[in-house]
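Heads up, the thing below is written out as structure tokens.
Going by the order they are written in, the chains are A, B and C; count residues from 1 in each one.
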Amino acid sequence: MKRIVIGLCAVLLIALCLPAYSAPDPMDTVKSYISQGMEIVGNKGLSRDAKIKKIEALYEKMVDEEELARRSLGRYWKSLTPAQQKEFIPLFRRVLENAYIDKILSYNNEKIVFSKQSRTSGNMAEVNSKVIMASKEIPITYRVIMKHGDWKVYDFVIENISLVQNYRSQFNAILAKETPAQLIETLKKKISRKQA
Amino acid sequence: MKRLSALCLIFTFLALGWAQSASGAQAAGAADDPPATLVAAPESSGTIGKSAEAGTGTSGTGIPDKPETIVVPGDDAGETAPAGDIGAEGEDPGEGEYGEPAITIADPLEGYNRVMFQFNDKLYFWVLKPVAQGYREIVPEAPRVSVNNFFTNLAFPIRFLNNLLQADFSGAVAEAGRFVVNTVWGIGGLMDPASSKQLDLPKHDPDLGQTLGMYGVGQGFYFIWPFLGPSSARDSLQVVSDYFLYPVSYINPWYASTGTRVYQEVNRTSLTIGDYESLKEAAIDPYVALRDAYAQYRQKKVEAAKGNLEPPKPGTLRIGQAQRQLSLLQEPTQQESPNEKEKR
Amino acid sequence: MKKKNVKAVAIAVILMFMFPGALFAGGMFGPPQTISKKEGGLNTGIGYLRHEDKFENGGTYVVKQNQVYTQAGYGVGDLWEIYGRFGMSDIEIGSFEDNMKNFFGTLGGKIYYPYSQAFGIGAFVQGTYFFSDFTGLVPGTADEIKIRDMWDANFGIGIQATLPCGTRLYAGPFVYYSEAEVSHPASKSTISNRTAAGGFAGIDMPLGKGFRLNLETQFSDRFSAGAAVTFTYF
């Protein structure tokens, strides 16, 4: 009897401790993604297209795209039909990619320092980092949310400016006058213009 | 008569350009340069405009209220409602969901502002950028950085006075120290030894708009100056104040002073070509993107100023960040993570 | 009567140049080894020099000079350094001062051979040129005395010992040559001194955060002293 009780206690004790240990740490998660990204960019053996493909794959793992899209549309997310929502997410990703891929690919082993992380609520956290370049430092904060046991990024705050909020104000202004369908057309046009 | 008034207008704008761009010179040195603006990086601080959307009580002081939702802590609490089911979270429409405050700035003069935005945009692409590019071809980067340092150093009176006005005395001392070290041992301000690792005197960029914002003055509304770039009703005051505090304004004759200011701007632009283009490229509506970036940038600046005054109380984050007062377990600072096992 | 006064002053000035070490223009020599970082770097500083000299020729005249200057230098590998200075100086001869001021520029070069971590020997050459003139009125008259085209050249050798805390002690001999043109309404002449030789000694200590304090004295005919605060870029 005693042994069973002790055994149970031991198991309980371990079970209680386990979540704390097995729960990943936001900073570790983000760090690992970023260093993967750095590896891809720095890999001389890859062509530009191959690098882009890999970065896209990394992005899918790292970012909670639905969360990002939803917060960027804010209150207008509801006014999109589920089909439009499905269409919007990859379009938005293309816009971001077109805008930032050159900057990402031009990364040249600048030092990236992770300074601190803080829990902002039960399932959300912020990880602070800095990219140290020759002439200045750029603070980048990753906002992450816990989904299915993993931390995923839902916002990038670059030089104290939140990407989600910046797009939200733009989308709010657009959707105050246009329909969601028109917005999606605008996004498509913007993407195709970049290809040209 | 018409010619006279036109001339007066030009003079006024140029005069304002000195002041605004004086602070603009500092911006290039400041770590938090917002995504490019035209002539002057927005220096003035930003508080939240009293927009109708400020349902969560975001007043001019910029301190948001508690989050709308209470999220149950726990590992799988992140399981949010499926797409479309926003209402369950109970967030205020238009507000940052999950308690993130929306930083906005009122824009009653949007018609005018959009026109000015176009004007500044054309001015950049047709005049300023070509000149800066040509200049960049001829002059290598090191001297251009030195020139930028020189002008930044010269704007010391503006920063020093604003440090005092913000009752940031340690900042004022650091500022004075930077000025002396850079002027005496930095070859008249061309070099920046005060920023070197050994000395590491902290660099701040206080301006009048930030000072006013710290004391509770709201942004008023968004306003774009021709040549100078985005600003606001409150931040425009520093255009005047900076003119009187910036030494270059006192160069006689007037065309030497103006010429110096123009050169300063060309030099600064040559160091930041590409920032404005990136902003436009990333944006769906560049006008709104710039306005929002400006509002966020100024807001953060004022929060930083306030943060200096009020040290964080135990158990809460800085006042400068949202007061999310749930169980705030400040994770220990971890610089070196021994292993990165997950997600491989 | 007046002519006699002027002559007296003129002779005094001439004599002043004839005495070795009478003019210590251009600032201190500094330690033989550059204070710049090994890989090559900039260093800057400000310095102040107080020079006093006395000479006799039927009378006693005291020459005083206060110099303030700013300097910048570039040095590599503990081996060599070139530096330049720009400063202001005044001059006082006997009782004759009349607020004479002048600007000067200095250029110098050093080489150094580190025999060991703590010991080494170096050589330097330094030249100074005063851009404008010292001008003043003979007291009581409207006659103008001018000292113009003043320049000098120094060459010296120094040995240096470095203490564990980073402080450097150095000393050595130097030779010195100076020339100027003295003119007043009555006469005009080009003055140069005999080759002057002397010795110098100094201490250069780190103050922290890249700053260093350099104190130096020189002995030729009289004792002269200077101090400078320098900053090393890393």
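Criterion: a contact is a pair of C-beta atoms (placed from the backbone, for glycine too) under 8 Å apart; a residue touches a chain by one contact, two chains touch by 3 or more.
As the structure is a computational prediction, the values presented were derived from the model and not from experiment.
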{"item": "Most centrally placed chain, judged by C-alpha centres", "value": "B"}
{"item": "Most distant chain from subunit B by Cα centroid", "value": "C"}
{"item": "Gap in Å, rounded to a whole number, between the CA centres of subunit C and subunit B", "value": "49"}
{"item": "Subunit A and subunit B: spacing of chain centres that average the CA atoms, whole Å", "value": "25"}
{"item": "Approximate Å spacing (C-alpha centroids) for the pair subunit A, subunit C", "value": "64"}
{"item": "Touching residues on subunit C, where the partner in the complex is subunit B", "value": "42, 44-46, 70, 72, 209-211, 230-231, 233-234"}
{"item": "Complex interface listing, subunit B residues touching subunit C", "value": "181, 184-187, 191, 193, 196-199"}
{"item": "Partner subunit A, residues of subunit B touching it in the complex", "value": "29, 31-35, 67, 71-80, 83-84, 86-87, 93-100, 102-104, 145, 271, 278, 281-285, 288-289, 291-293, 296-297, 300, 317, 322, 324, 326-331, 333-335, 337, 340, 342-344"}
{"item": "Residues of subunit A touching subunit B in the complex", "value": "19, 23-29, 31-33, 35, 61, 66-67, 70-71, 74-75, 77-78, 82, 85, 95-96, 98-100, 103, 113-125, 135-139, 145-150, 159-162, 165-174, 186-187, 190, 194"}
